[in-house]
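When the chains are written out, they are named A, B, C and D in that same order, and each has its own residue count from 1.
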Amino acid sequence: MKIKIITTGGTIDKIYFDRKSEFQIGDPQIAEVLKGANVTLEYEICPLLRKDSLDLTDADRGLIHDTVGADSSRLFVITHGTDTMIQTARALQDIPGKVIVLTGAMQPARFRMTDAVFNIACAVTAVQLLQDGVYLAMNGRIFQPDKAAKNVAMNRFEDL
Amino acid sequence: MKIKIITTGGTIDKIYFDRKSEFQIGDPQIAEVLKGANVTLEYEICPLLRKDSLDLTDADRGLIHDTVGADSSRLFVITHGTDTMIQTARALQDIPGKVIVLTGAMQPARFRMTDAVFNIACAVTAVQLLQDGVYLAMNGRIFQPDKAAKNVAMNRFEDL
Amino acid sequence: MKIKIITTGGTIDKIYFDRKSEFQIGDPQIAEVLKGANVTLEYEICPLLRKDSLDLTDADRGLIHDTVGADSSRLFVITHGTDTMIQTARALQDIPGKVIVLTGAMQPARFRMTDAVFNIACAVTAVQLLQDGVYLAMNGRIFQPDKAAKNVAMNRFEDL
Amino acid sequence: MKIKIITTGGTIDKIYFDRKSEFQIGDPQIAEVLKGANVTLEYEICPLLRKDSLDLTDADRGLIHDTVGADSSRLFVITHGTDTMIQTARALQDIPGKVIVLTGAMQPARFRMTDAVFNIACAVTAVQLLQDGVYLAMNGRIFQPDKAAKNVAMNRFEDL
């Protein structure tokens, strides 16, 4: 069972640049997380984009869509910023024959207290068990894109 | 969807006692892990035992079995030492109408580099998606107790 | 030997606000660091400012100066942004009868990989051993403000 | 200013062990700590022993003594188990012309919550500021070996 992992940026991969006093997106952290947990699955990481999800364009979503669609793999985990994760998920729903789980984090993976490890694990587990379709893995739950929303004030995903 | 969490001890909850120069089992860490990841599921933690799994007796396994069997919940996550996790899992297979996922860790949850968070997340996700039965969640994969073994030398679980 | 700790903000105390996709300065972390290390010194924390050091004004520096000058304590550790730490240090050099050590961090204390703990420990140690005067504790070394500079490109403090 | 670092084992470098484990003490962690904090001092690490300090023999202490005595360096930091750190410190007091600071940790450096980083930073700072002699750096304070004791129940070092 091989999982194709596509990274697109988002809070999960943010780093702190002291010299600019700002956060930017760094190398994807998912490889470290999977190695650190001694995950014995087969997987391949495709670093596709490095954007805050508020900055993703239609062209970017088209790129994610076409990358998944053109890939013969059946199982996909996509790490993504949480602000427009649902929007991207909906844009992938017309791709047949694949299980696609999007996840991200509210706190960067490089933080001591982060939801990144937990969310990645949820996505990696869910993608092995779900039927074909597109899903989100956040806050320990699996959501369908048409029935979910990000509650910004409460910093979590919820059922619509 | 409410998850009943039963903690039994194991490496996952070990702490270091400097004054005795040894590791012992401390308070279960799963609550911290779930809070830290902002998990929005409903769950209830039942701290049942605090044993290294090499020290679990038939009576202990009977207690775990009866605790699960007598509980009206349908979904169970059990944190457990990895050395005899498969043995306990097999002892629970006759309980009908429940999804039971056992997990643990090779490195204590209190370590900086630990598989505990990842494994707990896998178990919590899997228990929401699997059919009735007993399973193990380790190394990013879901195992059936009759088809799994702990590879002690490689420090991981594998298919038999 | 009692140490007065004054916190003024800086990278050391930065947190990430996902809902605003930005960093801000949060509660000072030095108390957690000292408790976590089981430090048995007497100390008192005075949270004075919560600013990025690039935003400190002459009035702010005057406030820090007067707060130190009016305090009967002899030993001071000041946590501060690294960008203008030297400037603030120089502004304190006319205060007699005190040992004042400024420190900060290039990576927020809330990060898994941070220099915050190390730097705080250096400052707390140095303030107990140095003669009266103003100093910086960064990168494992003690600097005099007139003989130091922040090398922004290399992200460290150096001798002038 | 070059620091010679001698590692001898102790809790600071302990890895997870249970009754099946072959080893208790792992690779010295001090290098990681110094790199992680971007310490710009010159230092050299000499991994001498890998023992719990309760297991150190007179021959071991003789080895530590002679290693320091024969070395032309002036500044030494020695990481050591806390149980007999004072005993070793006393055995080094006859070596002239050197500043020797012993430190260790109550919780392994590999733990998420550890005093190791703080203590290493204290020792590295103290060794640059102290007069010739032998000292202990624990709990944020500098102790002289003849005037200190480990309070085992309270898990800390105190003045005699």
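Please note the rule applied: a contact is a pair of C-beta atoms (placed from the backbone, for glycine too) under 8 Å apart; a residue touches a chain by one contact, two chains touch by 3 or more.
All values reported here derive from a predicted model rather than from experimental measurement.
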## Note on the structure
Chains in contact with chain A and also with chain B, listed by label, are none
### Query
By how many degrees does chain B turn when fitted onto chain D using C-alpha atoms, rounded in steps of 5?
180
#### Entry: Whole-Å gap separating chain A and chain C, where each centre is the average of the chain's CA atoms
37
### Centroid distance [mean C-alpha coordinates] between chain D and chain A, Å
44
### Query
Listing for chain B: what residues touch at least two other chains?
112-113
### Query
Tell me, which pairs of chains are in touch?
A-B, A-C, B-D, C-D
### Query
Given the complex with chain B, which residues does chain A contribute to the contact?
33-34, 36-41, 106, 113-115, 117-122, 124-126, 128-130, 137, 139-142, 155-158
### Query
Residues of chain B touching chain D in their complex?
11, 14, 16, 18-19, 21, 23, 52, 54, 83, 107-108, 110-113, 152
